[in-house]
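One chain, chain A, links the two complexes that follow: it is found with chain B in the first and with chain C in the second.
After this line comes the complex of A and B, so read on.
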């Protein structure tokens, strides 16, 4: 797919177009890491405390992992899609022999690749300076589970984003609101991006585990930490895989309907 | 002859939500939206042959852009039949998309933060243009539109006219067989307009491309199109040679008179409307049907050296088209 390789390339260049902006963003990331580190380092200082089943190494790894996974899963260029549907920029792609979905998926992957390079570098620097007691997972099954579930997480988030981006086909003026509702409210809270979900009552957790949300952040992280393994790991991967398929089908049929009422506005 | 574009009884309705001004009514529409059907196209039919350059004209909101969008597969037609090069546009078959181009004067595809050449390279990949064809095509377009020096400048730093020419390059790199141009010269200065016009006429001749063009620019229409389709309120009022447009729609004729002696000009007003006075020359506008009568009367009662009856200038007719003043003839 040479087409999408070119999309990947140009997207990469686009990221560098605002250099100062880019540098500031990376600095913010590093500062955030320091802040979080010192906060939890203080909370767990002294004795071998265990809170909610997390010891110091694990909570630090959870929090760091959170920052990194967030940067991958929840950072998506495709947040612009709703705006493009509402203001008619979508037309630019529809008249070309290119799949709009694959186009944005590629742009996302390109943005994520860039993120990965810098995040790896920053984490390395941090490691050298702070020498934190990180929990390094060595179990090959857990690591594989982690990578598989992270890939599924990205796909799930991406399809949810595309589904909410289809709302402006019918109500063009809610472009921003629709995004906000899905990303900020549902995903932030229900995915474990704000707090580890296992501090919630068991009943909630059981219900939540049937929705796609925990599989976006919480599940991959817990798999890495080794807190979810064996049969639970398999069950989680199967559930998120099923969700990925359901969302993919839902997204396709929604977009098919949406394009029929698309008005290609803004002239 | 090959019919490249066929449109038959095409209907397009839009459902829009009515809005009223003011906060209270704004909130009430939020809860009980008032839907309204707008009939943008009311069953239009026409066909275009390969290599034709057709001007699509009419006042704002007549349905021109809607037609172009349906023909390029952006909008789903409510009723009727459309076919472009044997394809149903709505299916958006990649083979179809590779052969068409839609240029909208107010939409841009160039990547704002990057030099235009990057967008060209991207389009090369998207349209799967072979290296050699891409180089030739780029070379040709760049020299025709005189944009050699602009390729490596960040798009955001360019003027509108420069950008528009680069937009055209981006839209035509794949050498489309059918081009839909929607107001391609809008907002440009006269020199840039002329460059684009010259280019389109060249492109049409050299590549045998079929071009359907909408414009509010008189010169675009009168200099480029041999055939025009006049559309208003979703209906076709006229479809034919631009010369015949005058015959069909001109209500008046112009009588140009050279007087041999000074006369009282005010008296002429009883015969027709005075358009221009440049003594000894006077131009009168008179109703078509009575133009010969008026001429006879003039010759009888005034000292006249010469007299000509002329058609209303084409520009005047087209201007009336843009204003929506034309009515369909019985």
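After this line comes the complex of A and C, so read on.
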């Protein structure tokens, strides 16, 4: 436990070693928020509208919630793992007395902590500048459901990252391609990180609900907004939990097989 | 004229080399192409369902909003096709390999700006143009509006060129390229939708300071017959001014190159 605490501290400090990189990354997050905020603000301009089951306060809370939950779920250092497998840097860790998964999970938590601090600050500043109507959830069950589903979402994202990072064991040259497809395309769009998934026709939503993607962003935010409650909340948490277990087993099995064919290419 | 053909021949040669690199990695090529097309379809679907549900967006219909999005993609994809080498400039700077470009008998700016055309983006340009023609026809423009639209898109590409030169120059001074270019693209992304959705002062900033509005919204509005001739002349003047300033910045930035690590 002590060594992972050290990894956490070092990783946290390492983020400050590349300050410009980090600040630029945060600026990008804010710019992306601008597009989504003004888009929805325009859609809900004028009279009190309810579109796709949202009023203006709820949709803009969803937008601001994105900034926070992206910091919770999608901030991760483990995006570098695919590159380490492809260029052989993984070997450096295999000879050390650390669990590779725990090492990266710790680094991810460190990254999330730092991003969360900045996201909270940015949210506060943007909130003062943009003055959006905001929905504050006071129901203790919804808040508990939000935190539980967010924790599961973080774990699901971690396992998906590691599953896609295992592909270079067999095809090293696709390390970046696999990451790009997984994070920038499928997770970005199908998790609800760009738009709430309930604007899609019901048939698409039904198909998406069978995948782990909506449980990473959309589900926790809907729980916070109170749009998912009661039995649906319980059902969603159980499905998230089942996906977390399936992906954990899949990740372990894939990495066991991958390590057998790993040739430390590039070393 | 002879000099122009000389550079065209060099560009073709460099592009051919770049394409051959992609062809050696067919699986990577297929993955990125699939990813880009999927992202485009996802976003198009989002716009369609959004505007359909809301009836209109800032007064624009589904077809008009999609045309904004397609125009944004056209400018973005052509820029990436032509200027992909910008994304690789940092490694030349930090390793000192930029020395090898400076000693060659061609413009170093031309080499680092246009030295690695991206075949993945090239593949997506023809279907994008077909989609633009298809959706554009539904907006029922006259020939004058189509010509104006085309000229303003060319002007958008000149502005995009200026920004890429500015990013390269900024890179020489600060060694920061990757995030600068991505921030430029994030700002350009704000043009995916009509500039009218933004409130002041952001709308003013996006029109005059970082002219996303002039790059994306203006050509589309010209096609719809929604702008005046003085605005058009002003946008062309801005394009030329930005190109001039970016070239000045490049010449200034070159003085900061230290040839470190070489």
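A few points about this structure:
Everything below uses one rule, namely that the second predicted complex is superposed on the first by the 235 of 267 C-alpha atoms of A that agree within 3 Å, B and C clash if a C-alpha of one lies under 4 Å from a C-alpha of the other, contacts with A are read in each partner's own complex, and residues count from 1 in each chain.
By our rule, a contact is a pair of C-beta atoms (placed from the backbone, for glycine too) under 8 Å apart; a residue touches a chain by one contact, two chains touch by 3 or more.
These numbers come from a predicted model, not from an experiment.
Of the two partner chains, chain B is the only one touched by A:6; chain C is not.
Looking at the shared chain after the overlay, A:31 reaches chain C, while chain B stays out of its contact range. Counting residues of chain A touched by each partner, chain B versus chain C, the larger count belongs to C. When both complexes are overlaid on chain A, the residue A:21 reaches chain C alone and has no touch with chain B.
By the touch criterion defined above, A:195 reaches chain C but does not reach chain B.
By the touch criterion stated above, A:185 is placed in contact with chain C alone, chain B being left untouched.
In the superposed model, A:260 lies in contact with chain B only, and not with chain C.
Within the superposed three-chain model, A:120 lies out of touch with both chain B and chain C [touch as defined at top].
Shared interface residues of chain A (contacting chain B in one complex, chain C in the other): none.
Touching chain A in their complex are the following residues of chain C: 25, 27-28, 31-32, 34-35, 38-39, 42-43, 45-46, 49-50, 53-54, 57-58, 174, 176, 179-180, 182-183, 186-187, 189-190, 192-193, 196-199, 202. On the chain A side of its complex with chain C, the touching residues are 20-21, 24-25, 27-28, 31-32, 34-35, 38-39, 41-43, 51-52, 171, 173-174, 176-178, 180-181, 184-186, 189, 194-195, 199-201. Within the complex formed with chain A, the chain B residues making contact are 14-15, 65, 69, 72-76, 92, 94-95, 97-98, 100-102, 104, 106-107, 109, 111, 113-114, 118-119, 121-128, 182.
Partner chain B is touched in their complex by these residues of chain A: 2-3, 5-7, 10, 13-14, 17-18, 88-89, 91-92, 94-98, 259-264, 266-267.
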